[in-house]
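Chain nomenclature is as follows: A, B, C, D, E, F and G, assigned in order of appearance, with residue numbering initiated at 1 for each chain independently.
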């Protein structure tokens, strides 16, 4: 096993790590109690998972084929840029469409601003 | 030189000018102008009588559709000559009559166009040698008859009568057409002459019998033979000149012509004999029997016409025996029936034409044709009465009128046939004279009714709207001329016999050569023979029965109105409409779901059925590409997403699941090495999802479907069957010993098309045409969406 | 060895997708589903990247970027729909 | 692999059939969408799956996978997109005019 | 190479697109669209004669030799249909000028019609099965746009059915194509024919052919016609006339092409099936024509009857039969367009749709009334109008082939056609007029001219049948001798 | 405007990158530049703010922070997901920032979103108050308040 | 509280340009790598749709004052026109030609009529997709 192969292996392991992370965050969106907490899992660990696998792919192509794949880098950049915005938008939409917070939630600073008269509580 | 085609075409040409002339010369009755046509033609034809009598024929051809052997080939021989003279002769008289009958307030331009169309068509029927052309004119007579019956189309009766006549005669025509085509199939020609000369070789052909029956159907419907006679009484809604012309003298005789014309083709056959003569006999009886109970003079004449047509028809049937026996001195005897048929046909045209005109005069002058309101007209309408008496007595078969001669010959023929040595006639033949005699009694009775109830007896002016008065002279000319013929023919029958009838006999019996020189001359007196006794019997019994008419008339009540052929006709129409409505509304439910289910049903039953029936299904998984675990999981993802769509509670969920499907397919495109596809699928799927969301803004969320368990089951079964079937055929195709695809050619894309992306080279170059059209398709969709949204209906207005 | 790892990773990503699918089906709210759909998109990016390695081709790298773009646009569209009922406004009030 | 995909196609067709037999217009449209997914996969499967490399001459070595079905599917995808767009708009326009998205209520007997 | 043959498709498309730019100039749009259709008609006549002298015309797009590229093949059959379709379209355009309304005209009516005819012509001319699919879609999308044009409630309601069913048909088309590609690996129709012959049309190929039969039957309205009456009775008259005349004919064309050129080896299965379907179609069509009082529906079911009649020719598939069908197709395109225009005009004049609520229209417009009578006779096959030549030939072939049931149905149907239309004629055209002298609006000249043109067409097509004879027999010859077509396509350079 | 020029350069580079060629070619760059001109010409009305090439270093710094936060927060979430008993108290709290301008706000919001356990739910119309959803409010609030100053500084280094 | 879209709009400014560039790239490089007119057009259309998503129709109309129907029509005309052009040159309809030229800056460059054709496709796709989406968004609600 030469150096390149080791690096390739490392890249593959990076990908594997990413995939494990992905499964865990997927598990998260099952387990977490409301859409807001689930979106934490989706926007963060899931994004990291894909970044890892893209990085692995980038490294692999670089080492194996000698190609610096800018398209992968661009992809990484893009995911990076959009993931938090997506999380922001979807949780905002959820809140504005009156999706309730989980029962365990303790504080809601937005409620008095947006829906001062209504009760948003109690998840199904 | 006389051109037969000219004779046919002239009426059509003049017809085209009638509307213009009508508009130009409003002050003159257009009939005067139109009358020139039949007179001209009559004269032209009459000049040919000697040549035709000497055995000469005239033929003429214009190419029409030579490729299909359909040409305007016309043929003038003895048989067609009779009809030609009838058409033009009676035509002239009828038009003359009509000039006085129809006021200039009527839409004459239509009337005479129809009449000329009819005349041309009728001439076409009798002069055509080409069966297809004959058929053309045949249908044209039906059409013009339709138009004439419906001339007063604001009357419901006219419309229904016209419809009935058209439907029955056109149906018969269609049957006849099939018969003609069968003849063509057998003989390879549409020419009647050629068919006649070659038919002997085809009498065993499987199509011979069907062709015969079909041709006869044409003839029977046209000639109002039982049970197709029902249209004729209703056709009396037409103006009386039309009834006189079409529905007694000419058009209804087209069937007679057809049977006569085809006697050399089918005449030797037993079926022909029995069918024609029996149908004729039944019609004869049924017509005369029913005529008696009529109270409308025109209806009476209509049934009388039916009856007389039956008489002529049966004679033609009887005469066909001669052809079966073949030429011999003995068989020539039987040809006299045919001779009598032709003779009676001419006679019928004269006396019946006259009678119709009489009825027209009565109707026109007094405003009614109802026997119950008439009587005692004799005194005030002497000329009319004279014509009526001549016509009626001739119709009743009494001397000294032409009807007597032909009626006698008819009796003679029935008696002869009952002794014939063929077709078991010695056993069954006795039916003919009996029926003939009975029918003649009824004929006698209705003739008496016609005279006595209308012209004799007490007058009933109180039941009439107008005072009784004699018709204008002009109106009387035509009936008087016809009456003169009725008498004249009685005294000089052999003029007709030698110059007109005999040549026609050669046309009907072409194989009999000069045999007709032997035909005995017609004479009023040939000793005390059975026919004379029969006539005497008719008069005696008829007179008695007429006297006691009131006593036995109730037997007509025994014939329930429920079981008449008219009721049958009406029921067929109304039931077919109702039944069609039930059936059609039954499957045309208006539910998209049902229509779609029919399509699936067809696929499952027909395609699926054949797949198993033919054993086309096969499969082999050994050649499959290997499978990886993640692929199985992705397949599971798709399957689950798909099934979840069925149970999705909101359209949003379903749409997102569809998105998942679309994205997953894109991944399979990746796995299956289709990068362009993957890209396109991804974008299209996203844009589609966006479109769904856009549409949702305008639609309510879906409710739970209220479907019954049964529907669910049926839908489920259809769905599974669809899936399984698509799958099974797919598997079989995969296992098919496959041809090399043409795709390897495209692997030279770089050299051929300058592109390294094969798919793109196909889309842009090899199959760039598809792409071009696809862009147009997309463009139309875009424009269509735009118009659908922007062009909204304005409620109420702008309705196309 | 590497291939085995890669296929394992593929299977794991596929399982993530399967799990996310569960959330899409289960909901209960549209934002939940949108989050899950976004997650599926992101995981598919990984799948494409790994399949590219396995197939030794750069042909699918465009798809990665496209998927990123589309997942983003879809998320925006869905959130706008959830939030405002329409996804494109004729004239926004702010 | 081919058998598995064919099985998948069968499932998609089953689901699509069930959807298109629905009363709700959106379900019907979704049915057509699933139908087109299925047939695109079918066309691809009828070429060969996973045999040969991507049909990019500079990217990969021969033998290449069958490129023709890919081109056909591309065309089909675009057309089905066009149709879907049209029918979606048709659905909501019909709803606007007729006030229903239920095909049972949109039945319309032939002779009204 | 002969670029001529693509013009019937590409000229309408390009002109259609240009008309989009000319949106506000309605008069200009009218003139250009009419000139285009006249031009295409003239071109088709020229092409017919070229075919007559030089044989089948072929154009390989982009110069790619068959079977690799797409090509257009102009044989007499295809070009005859192109010609008729173009003429009918031109006439319907004239009708539209004074009936469709400015609002529609501004909403791309003319481009849509031109795209429709482009799709129709393309379907007739293409020699590539997938391209046929694309041409179908072109035609369909244009028809979708036209059938919804106006946005009436009933229109949209029926359009949904029309669109969904056609989407389903297109899906089946793709499925069939997929199977065919999977077995034969090619798309060129001549090449497919060659390969089917080589394989001997085994059961699997026959199964696939039945899938195609399903697809084209849906388009043709053969047995699977339930979509037809609804969707043909809702759009504006000019559009309905175009639909009635053209759309089913494309399906019929495809059936003829498919089952004479490609799947002709198992007639005892496929052609017999077509025969059964044709027979049932006639029966159901006849029932439909009698079931309703709505003239548009009666007229629509008449379309169905004609489909059955024409397909009898294919079921029998002898040269005579095919010739008869071709005559009948041409006749039916003209007569049906006329019938639809007349039905539309009746509804426009009276404001009602059922014939028993109309009466005496002939007083308002005699020419109109007589045209209705002529078309009635023509459709009933009464000579010498155009319907009868086809009727005779189909009948002749049915007799020769011993298909007596089909024969009986075919000829019986013409009586039902007669009755169904006579009912309208006698009730609506004849009879006491219901429109008072004051309310009497004489039909605009612009509506009468197309009606008269088509009436003249159906008369002259019957009287002048010989003028078509050479073309039709050539068309039938090509259809019954697949080798001729294959040689023209695959036999190297022309 | 210099900013547009910069954007143009950016597009040109992007173009080169996308081409993914083995060597850098000036022709590719020019090609990209031309493409950029076209795009910017079509879209120039959208171009509002400025582009700061000179602060590349700061950007890299910011990127580093981004990544770090991402990793930290991911680990946190994974821990929480995998913890046998879900013991979290989510909630929404506010934060008022000193930053101004679209870019500054945006970057801060993104950083906050990537910060362990917090997602920016809303920004008020004036653009100075963030409404932040925290996975576990007590812990996250502290985290955010601790790191937020660091972020603001890093951003200001880039923008001002 | 009004919605403040500052984050979305700011990010969109960058992303739109990435997508646009990417779209043009896909269109032009489709001949040798995945891409082509359709996909390029779709991506470009997505960019425009993204603009509409993050802003509103009226403000975008000020910045992009095109009638997208006519853009599409122009595209179709271009696509069909290249096909039709071959007729004028006396070669079969839809004949595409390609050649390699030495250009001053670009060096050896492949120029093909397919590119014009595909440009038509791009315009048509962009025009149609935007037309559809705009029409649907502008439609009044029931």
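Throughout what follows, a residue touches a chain if its C-beta (ideal position, glycine included) is under 8 Å from a C-beta of that chain, and two chains touch if they have at least 3 such contacts.
Going by UniProt, the chains are A = Multisubunit sodium/proton antiporter MrpG subunit; B = Multisubunit sodium/proton antiporter MrpA subunit; C = Multisubunit sodium/proton antiporter MrpF subunit; D = Multisubunit sodium/proton antiporter MrpC subunit; E = Multisubunit sodium/proton antiporter MrpD subunit; F = Multisubunit sodium/proton antiporter MrpE subunit; G = Multisubunit sodium/proton antiporter MrpB subunit.
All of these numbers come straight from a predicted model, not from anything done at the bench.
Peer 1: Where centres are the averaged C-alpha coordinates, which chain has the largest centre distance to chain G?
Peer 2: Max centre-to-centre separation from chain G belongs to B.
Peer 1: Most central chain by CA mean?
Peer 2: Chain nearest the centroid of all protein C-alpha atoms: E.
Peer 1: Hey, which pair has more contacts between C-betas, C-D or B-D?
Peer 2: Higher C-beta contact count between the two pairs: B-D.
Peer 1: Could you work out which chain's C-alpha centre is the most distant one from the centre of chain A?
Peer 2: Between chain A and every other chain, the largest centroid distance is to B.
Peer 1: Can you give the whole-Å distance between the Cα centres of chain C and chain E?
Peer 2: Centre separation, chain C to chain E: 47 Å.
Peer 1: Averaging only over C-alpha atoms, locate the centres of chain A and chain B and give their separation in whole Å.
Peer 2: 80
Peer 1: Between chain D and chain F, what's the gap in Å when you average each chain's C-alpha atoms?
Peer 2: Chain centres of chain D and chain F, defined by C-alpha means, are spaced 39 Å apart.
Peer 1: How many Å are there between the centre of chain B and the centre of chain E, using C-alpha atoms for each centre?
Peer 2: Taking the average C-alpha coordinate of chain B and of chain E, the gap between them is 26 Å.
Peer 1: Two or more other chains in contact with one residue: find those residues in chain A.
Peer 2: Residues 25, 27, 39, 47, 67, 69, 71, 74, 78, 81-83, 85, 88-89, 91-92, 96, 113.
Peer 1: Chain F: which residues touch two or more other chains?
Peer 2: Expected reply: 14, 18, 20, 109-110, 120, 122, 124-125.
Peer 1: Among the residues of chain C, which are close enough to touch at least two other chains?
Peer 2: 10, 13, 15, 17, 30, 34, 52, 55, 57-60, 62-63, 65-66, 69-70, 72-73, 76-78, 80, 83, 86-88, 94
Peer 1: Which of the residues in chain B end up touching chain G in this complex?
Peer 2: 675-676, 678-680, 683-684, 686-687, 690-691, 694-695, 697-698, 753-757, 760-761, 763-765, 768-769, 771-772, 775-776, 778-779, 781-783, 785-786, 789-790
Peer 1: Touching residues of chain A toward chain C in the complex: what are they?
Peer 2: 5, 8-9, 12-13, 15-16, 18-20, 22-23, 25-27, 29-30, 35, 38-39, 42, 46-47, 49-50, 53-54, 56-57, 60-61, 65, 67, 69, 71-72, 74-75, 78-79, 82-83, 85-86, 89-94, 96-97, 99, 124
Peer 1: Can you tell me which positions in chain D touch chain G when the two form their complex?
Peer 2: Interface residues on the chain D side: 56-59, 74, 78, 82, 85, 88-89, 92, 95-96, 99.
Peer 1: Using the touch rule from the top, collect the residues of chain E that touch chain B in their complex.
Peer 2: Within the complex, chain E contacts chain B at residues 13, 17, 20, 61-62, 64, 67-70, 99-101, 103-104, 107-108, 111-112, 115, 118, 122, 130-131, 134-135, 137-138, 141-142, 144-145, 148-153, 155, 160-161, 164-165, 168-169, 172, 175, 178-179, 181-188, 191, 195, 198-199, 202-204, 206-208, 210-211, 214, 218, 223-224, 226-227, 229-230, 236-237, 269, 273, 284, 286-292, 344, 348, 351, 360, 362, 377, 380-384, 388-389, 391-393, 395-396, 399-400, 407, 411-412, 414-415, 418-419, 422-423, 426-427, 430-432, 463, 465-466, 469-470, 473.
Peer 1: State the interface residues of chain G toward chain F in the complex, per the touch definition above.
Peer 2: Going through chain G, the ones touching chain F are 1-4, 6-7, 9-11, 13, 16-18, 20-22, 24-25, 29, 51, 62-64, 105-107.
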